[in-house]
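What follows are several structures.
One chain, chain A, links the two complexes that follow: it is found with chain B in the first and with chain C in the second.
Let's turn to the complex of A and B:
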């Protein structure tokens, strides 16, 4: 965990120092060097929470090996049960992220482009809760394809890659080309990683924060509405393994 | 409690010949075959009844149980369990049923039994007092009180199965499906499980459907059996009657008094029945059920007999013949 963060920091520092040196500018986009490094650290830490307890291939595996059957027998909703499981697994990640933030942030230096404040921290919490839920629902979709396909691993990895890239887990989306900004603002990905990170860095106004929360909630509903028919259709095909 | 009408399940299975070229070809064009797992099943099961579902591997027993527990959807037909359509998976229905699969662990392997049961208490919303009483009763009946706090993965197969039984019955289901509950267990544990199921039936009177390859399970637990062959139900009735109906003969065994058998004696035996077996002074003959008294009297008259016994054929033999494909109904 700490090694991961250290490697991430070294890579970020080397990359962005080179970018700033090459451009000869104080700001790239709207970010100074300390600000962009803070973004890198914070998106890493919030990302750990958003992805926390990630079931990864658990749902697909349960469809493949028939373990899904026991959940179909219990008087509970499978999706809710799995989310409860994921929520239970997220707490170690939250704790680790807090410890890592406390260790690193005091040494980050001051920045003109970010404003770490307790208000940002408080505003970040509902953003993280919604992002965690949205990440879970979006992760279900490729896994439910396991009802039809013999292997969904590559689909899941592809989905994860797209999510990370378009969610701002590598660089802030404001550094993407101008023509893509409109689409990126509408798509659900930015609400997973970039939005909670910008909130915590004090770069989102209260109005934008409320709009972002609402948009994220709408995406949760939209994704759920996509998952439900796929789940129902998949259930019709489920064999419970073997005849 | 369980009513099944013309239930049918067809699986569409992808067929792929071996080899790389076939694998590549199947990316573009796939051959499918339809496998009929259950064909027009019709039966009912009443409260307190244990019905044995018997059939060879792949006959469709587990598919039938999966449909009745709501895990899979049928291709056609209807079923009502406790008045519910099983595959609608209503919570009120799922609170009243249970499925135990001997070949598939359903408990959480990393947790001790006690924690698994607490989790199930929450899932089924069992009142604490009822839960404590039921858990205490079941652990005593199965004698696993000491193993409750041990991780499931560290228990023996027999202990695990006992834990599975407790987990399945904690919420006092009114319908219980048992899919090979004694598979892989030693004789003592098999007997313990059977005794437990009988005492549970006596106290709670649930409707039970049991599938098993062990005839002793069937003989000890079921008064009624359903025989399924290649998806079709070929017999539904009393376990005892299966012999009368499908094995219309008895076996006479004679111990002769120091008598050597000549050719004419052998001819007499052959005329009186079928499948004559002669081993030194012991002769056994298969005789039609209606002629048994007459044949026995005739043999006693003709030969000096030390001992004579009349036996029913083995149930397992009759069922094996039925499952194997001989259709007595046409005879």
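Let's turn to the complex of A and C:
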């Protein structure tokens, strides 16, 4: 985890220093160098919380080895039970992210393009909770394909690649070409990583924050509506002794 | 010759096994294609805001990225599945079956499983590399191209060797998940042009943890012409790393205590 952060810092710093130096610009998009480095650090830390308790192959494995059966007897929906487990797993990540933020942010220097405040931190909480829920529901979809397919590891990894790029975990979405901005705004991915990070960096007004939260909640409902029929049809195929 | 015949058998078994899971076969191909798209997109976005990165134009960077994708595809095809199984063999004691065979255990365990689905991706990655090279303005020197491809081959060895350094501690630790996560995040260091790093970081990335030898140095030799310094550094460091890894493997085998390990 610390290696991960160290690598992230080295790559971020080297890459963006080179971009700013070779372009000769003071601002890239709406970001200055310190601002974009802060974004890179914060998106890494918030991303750890959002991805915390990543399902990995948990659901698919339970379908394959038949251990899903015991969950079907519980007086609680399987999806809710798994989410409760995921929530439990996320707390170490939250703690690590807070410690790392406290260690790094004092050394980041001042920036004209970001404004780190307690208000942003407080506004970020609900954004992170909804992002975590959305990430969980989106991660369920490829896992449930395990009812039909022999191996869904590649589908889960595929989902991770797409969410990382289109969610702004690699580069802020505002730096993407103009023609893609409309589509990026409509898609749910930006609410996973970029939105909570921009909120914490003080780059989202209260109105935009409320709209963002509402949109993210709507995406959670839409994704759940997609998951439910897949779950029901998959259950009909489930043999109870593993596939 | 005996090892080549053995490898031929590995290929035959691997192809027939991968075709048993046809849906997964296609999922993996799509997954890798999306990975290629993501890697290329990152640089396309960056070049919207600068003309040069690490002294390279967009066309040059595309050659570098596609070179990296080819190395990654070769690794996924030839080594990746074997690396996945190694910790399981060690912890379950299944390594015994490989140690008693009359061939090198390192050869057998590193090359036994050939990922046939990733082989298709290797063809796609190679196609991307050809496309990126053809995009380059001006004439392409055959000598530079030869050294580029040769050093990319060396990059495959470096990638494999580096991953083995993170795999082998499983003999003592019993789980190397954390180490492997560290390895996979460290590979990001090699996915960016070498000239963006400050002098000392670059030196470390060329020698101690030589991720820049995987694709960045080959690309530099391709663009700037063969330099004795860079070529001997690449070959020397990868040879030393490989020998150290083999010694590390032998040391680890001495600590292996079969099923109770």
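In this text, the second predicted complex is superposed on the first by the 241 of 243 C-alpha atoms of A that agree within 3 Å, B and C clash if a C-alpha of one lies under 4 Å from a C-alpha of the other, contacts with A are read in each partner's own complex, and residues count from 1 in each chain.
Here is the rule we use: contacts are C-beta pairs under 8 Å (C-beta built on N, C-alpha and C of every residue); 3 or more make two chains touch, one makes a residue touch a chain.
What you see is a predicted model, and the numbers here were worked out from it, not measured in a lab.
Visitor: Considering only the touch criterion stated at the top, classify A:72 as touching first (chain B), second (chain C), both, or neither.
Guide: In the superposition, A:72 touches chain B alone.
Visitor: In the overlaid three-chain picture, which partner chain does A:238 touch, first (chain B) or second (chain C), both, or neither?
Guide: first
Visitor: Of chain B and chain C, which one contacts the greater number of residues in chain A?
Guide: C
Visitor: Could you tell me if A:64 is touching chain B, chain C, both of them or neither one (first, second, both, neither)?
Guide: neither
Visitor: Tell me which partner A:161 touches in the superposition: chain B (first), chain C (second), both or neither.
Guide: After superposing on A, A:161 lies in contact with chain C but is clear of chain B.
Visitor: Intersection of chain A residues contacting chain B with those contacting chain C?
Guide: Comparing the two interfaces on chain A, one with chain B and one with chain C, no residues are shared.
Visitor: Of all residues in chain C, which touch chain A in the complex?
Guide: Its residues touching chain A are 21, 23-24, 27-28, 30-31, 34-35, 38, 41-42, 45-46, 48-55, 178, 181-182, 185-186, 188-189, 192-193, 195-198, 201.
Visitor: Please name which positions on chain A make contact with chain B in the complex.
Guide: 66-67, 69-70, 72-76, 235-236, 238-240, 242-243
Visitor: Write out the stretch or stretches of chain B touching chain A in their complex.
Guide: By the definition above, chain B touches chain A via 11, 35, 37, 58, 60, 62-63, 66, 69-73, 89, 91-92, 94-95, 97-99, 101, 104, 106, 123-125.
Visitor: Would you tell me which residues of chain A are touching chain C in their complex?
Guide: Chain A reaches chain C through residues 1, 3-4, 7-8, 10-11, 14-15, 17-19, 22-23, 25, 28-29, 148-155, 157-158, 161-162, 164-165, 170-171, 175-177.
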